[in-house]
Amino acid sequence: MAFAETPAAAPRATLRASRSTLTFVPLLTLAAMLGPICAGLAGTVLPALGWYPAAGTTALDGAPIRALLAWPGLADAARLSLTTGLAATALSLGIVALVFAGWWGTRPFGMLERLLSPLLSVPHAAAAFGLAFLIAPSGWLFRLAAPLIGWDRPPDLLILNDPWGLSLTAGLVAKEVPFLTLMALAALGQSDGRRSLRAAQAMGYGRLTGWLKTVFPRVYAQIRLPVYVVLAYSMSVVDAAVILGPTTPNTLSVQIVRWMGDPDLGQRLVAAAGAVLQLALVAAALALWRGGEHVVALVGRAWILGGDRGRLDRVLRPLGLMAGVLSAAAVLAGLVALVMWSVAGFWSFPDVWPDTVTWRSWSRHGAGLAEAARMTAVVALASTGIALILVLGCLEAEHRSGRRLTRRGLWLLYLPLLVPQIAFLPGLQTLLLTAGADTGLLPVIAAHLVFVLPYVFLSLGDPWRAWDVRHATVAAALGASPRAVLWRVRLPMLLRPVLTATAVGLAVSVGQYLPTLLIGGGRVATLTTEAVALAAGGDRRAIGVYSVAQTAAALLPFALALGIPALAWRNRRGLHG
Amino acid sequence: MRSLATTCAALALTAAALPALADPDPADWDAVLDEARGQTVYWSAWGGSTATNDFIAWAGDRLKEEYGVTVEHVKLADTADAVTRVLSEKQAGQDADGAVDLIWINGPNFKAMKEADLLFGPFAEQLPNWQYVDVDGKTVQTDFTVPTEGYEAPWAMAQVVFMHDTDDLPERLPNMGAILDWAQANPGRFTYPQPPDFLGTTFLKQVLLEAVENPEVLMHPASDADYDAVVAPLWDYLDELTPALWRSGRAYPASGPAQLQLIADDEIDLAISFSPGEASTAIADFRLPDTVRTFVLDKGTLGNASFVAIPYNSGSKAGAMVLANFLMSPVAQVHAQDPEVLGYGTVLDMDKLPDADRAEFDALELGVATLSPDELGEVRPEPHPSWTTRIAEDWQSRYGTGQ
Amino acid sequence: MAEGLELAGVRIQRNGAALVGLDHHVRPGEVLTVMGPSGVGKSTLLAFVTGTLSSDFSATGEVRLDGVDITHLPPERRRVGILFQDDLLFPHLSVADNLAFGLAPEGSRSARRAKVEAALADIELAGFGPRDPATLSGGQKARVALMRMLLAEPQALLLDEAFSGLDASLRTQMRDLVFGRARRLNLPVLMVTHDADDATAAGGPVVELTGR
């Protein structure tokens, strides 16, 4: 992390502490996060220009770019990346804004809020499969509607894999709404929204309009980076696009993965060129979004000055709630569909329930499932363990030196989430291979670390800094060294956020598809890679089994993060938020 | 950087020369068995079908028990992934202990690997169980017209059949023209996997085989001179068929098994399969309704053998050979032919088998939807791989990019 | 050797601008009251004495305790106790464990336990050892916080608005208790407050800080 310059004359005692090994932890963290990205980008850009000695070309003549431009699906694929990404981001943000504006602090909002952790921990692939099981013409929704409309076979409707990417957009929205909700909640904790809203209401503004006019601008400023993350992610996602996205042609990111796997090594150069294009598209979309921010700000300012007290509140409030409930329900009902298919015997259309319920699919996949679960656990525990040590080291160094994370530091922290995975992982794989380093478990753990680190940092940073440092002053006055303060006072008091951050890290690792696939070279099979590999086979029972297992793997740590502090501090009222 | 690359290449050459000395010799089978004990074989095989995955797991268990060889199934979305892997290892100079020990392979991928010297061998015809293989009656020594020369060992026979749901399509269809007519009369009820999926490409080849005037031309490499003219009838056929396909041809199932789900959901009534026993197997585990039956075309359908090959840089060649030999064994072959398991055709010659083994085959219940060997009719050989590659590519620009 | 707490030429700046300055010698048993409006740097001054000054500030001058320069000692070795407006009992420890936290790590387990029991009895909380601090009343918590600090055997005592959080009757009680203990143990006390009654009750010299 980049920290602000320290004033020269800080007391010597503080300096002494900061000179310890802790000083190197932020540097190490930075290297672990940004090293692979920089290396991977270099390993992508050079082949894209034609420099790839492994395939016998060092021409730097831009031939791969010409080959990319010659691919007939390029225009559609690039357009899809932009439209699905922008639409998913705008819709997610819009839904989150409407739900907060209309319902923040009310009972329905509290109910949605309680669903947040489980919704967040459902991996993207499982959510996408669940949605597919719902909205396919042979899916649950159509089975429910069939007797009403009189269908005895599924209608021939292009819903899944539609060429406009609408299903993909819907799947992304269902997963990004919980993420942005969490981010907005954290942002609201730092701004005095409640009183602003009350003031606006006292002036006759409706709840929704009042919130949008007084609180939203502040909240948006705080969640701007997470919104950019959603945009970059939605534009370049692979696993959800394989499951829900169009196939004639694929989205650009999926096509890049296909090129990476072509037996003709020369296609990797095209893949690299595609990756560079994907990166450029994301950069362009981010710029476009920024421009949009200014326009919205201008229009919004005029709207605020116009003094409208909320004519549309009556329409928008229920609309927002419906959209929020719908996106949560889609994920949850999808999960139920996954569970049902995992235990289904023969289940024909338009039956709403399977003929028989059987454990056959589970026992059949038991062995493979156990092995994949073990690998998932090894990778997740290792990467999260390392991330936790590094993050705690950074935060403690920050505390002892008194230097705070700067704005630039925050950007660096978000960088691994803003650079599309598809833009640098192929290059990283090529580099690893060229360097003779075997792909396998350790590189996969390192690759997961790149994405686990920022999430653990973002999750733990705020509660860590919100801790009352006067506890440290008192403990030091009682003779406790900085180390003792950390281990005997701060960590026990922050047990809950530390465990929550751990759960976040584990869930992030469990959900990773592309790093496991590309850096693992096929040898590292996790629940996620196995589940996505099953997508091509269309065996709903197998998909159900693996997706349910994958979701459980991500959910279990959250349950433990809630349960362990409740158990450990059952007699300590002061630690129950 | 250029000097680095040169050094790498030099190292690669040196390294390539070394392990050749230590490679196991399949003629000395006892030595192979000794060396294999304790080895781990990473078998790269397509992982999209649970039935195949289960069979591979079964073979792994047997090998562990009988020969002390551990088998790890590396599940691929596409066989080409494994080829790429070996290729990039060779480029990177990793000439020993590569990631892949055995590949389920055939057709263009075999041709690519053989031409690039990426394969270990010859070994297949020295394996003990080769004595039972039906060398005369089945295409086990050529793979898509390319001579195998012992660089891959056959383990299953495949032949194109069409699965039809007799509830909606009671009668068999005699030829591709009839399929087109039926599809146009029943729009949205037929589709095929999206090329370059191998089954989708197989469908294109089956069309081509019936559409060309002289099929003999397909046995030779495609040339620029005749390619366009030869394949023109294929595109004509698809231009007519596509609007009548499921989703009007704007989406396709990703693979063969994905079609099964579509039949089970009653979205389609007709689908192609490359395994005569697949339908029976799928009925047995609820993936297809029990009204599904299979048929072949009057003029015969495409057939080929599935092979396994060993990359030149495998670190467990002995173990891989033991596995390849086991796959050709009567016990593995009868297990694979069981419709409850895989329903794959055997590569063995019944007349060469010991009586006890033959009895095992005779006792197999082939399954309700499986045609008998007689009913399967004529097997048409695969065209030269160059045709496959080109039509798969052209299909993508014609139908695979929404244009 | 000068006994007590000496602040010699202490000047604290923020971003180069002078914030607060103090020269004073607090004798053992004496209470120096520092008063002034909020934001004037009272707490910053105490942070300088405890060695926990944030890096936003820079400071010159010396802090001497019983003649020893402690300006550059790490906080945990300064032997300067501090009480804040909030009790700041560690919520994850029992009342007894909170008290034991400040005890020097010598002596047997049972001897330490006996010391804690005696301390609890001393503040009329005998038998409260195993309790969760969150279940104590405000006055009880304040007494535990005071006793926890005294068990660490400090050589000086800092009070940062220590009585502002208590209601009127409790405030008088706590003042008497704290000042009484400090006098009995002959500790120099530096108190910052905005409450003139605190200063009166302390009875010692008063320094007014003004914003500049």
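Order as written gives the chain letters A, B and C; numbering starts at 1 within each chain.
Keep this in mind: a residue touches a chain if its C-beta (ideal position, glycine included) is under 8 Å from a C-beta of that chain, and two chains touch if they have at least 3 such contacts.
Quick caveat: nothing in here was measured; it's all calculated off a predicted structure.
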From chain C, the most remote chain by mean C-alpha position: B
Chain nearest the overall C-alpha centroid of the shown protein atoms: A
Centre distance in Å when chain B and chain C are each reduced to the mean of their C-alpha atoms: 81
Interchain centroid distance [CA atoms averaged], chain A/chain B, Å: 38
Inter-centroid spacing, chain C versus chain A (mean Cα positions, whole Å): 47
Parts of chain A lying in touch with chain B, wherever the complex brings them together: 53-56, 58, 71-73, 76, 137-138, 152-154, 156-158, 160-163, 246-249, 260-263, 265, 344-349, 360, 364-365, 367-368, 430, 433-434, 436, 438-439, 521-523, 525, 530, 533-542
Chain B - residues contacting chain A, complex: 1-2, 5, 8, 42, 44, 47-50, 53-54, 57, 74-78, 80-85, 87-89, 91-94, 99, 108-109, 112, 187-188, 194, 197, 246-248, 250-255, 257-262, 264-267, 285-287, 289, 396-397, 399-403
Contact footprint of chain C on chain A as seen in their complex: 6-14, 16-17, 401-403, 468-482, 484, 488-489, 492-493, 495, 569, 571-575
Sites on chain C touched by chain A in the complex: 15, 47-48, 50-60, 71-82, 84, 86, 88-92, 101-102, 104, 132-135, 148-149, 152, 154
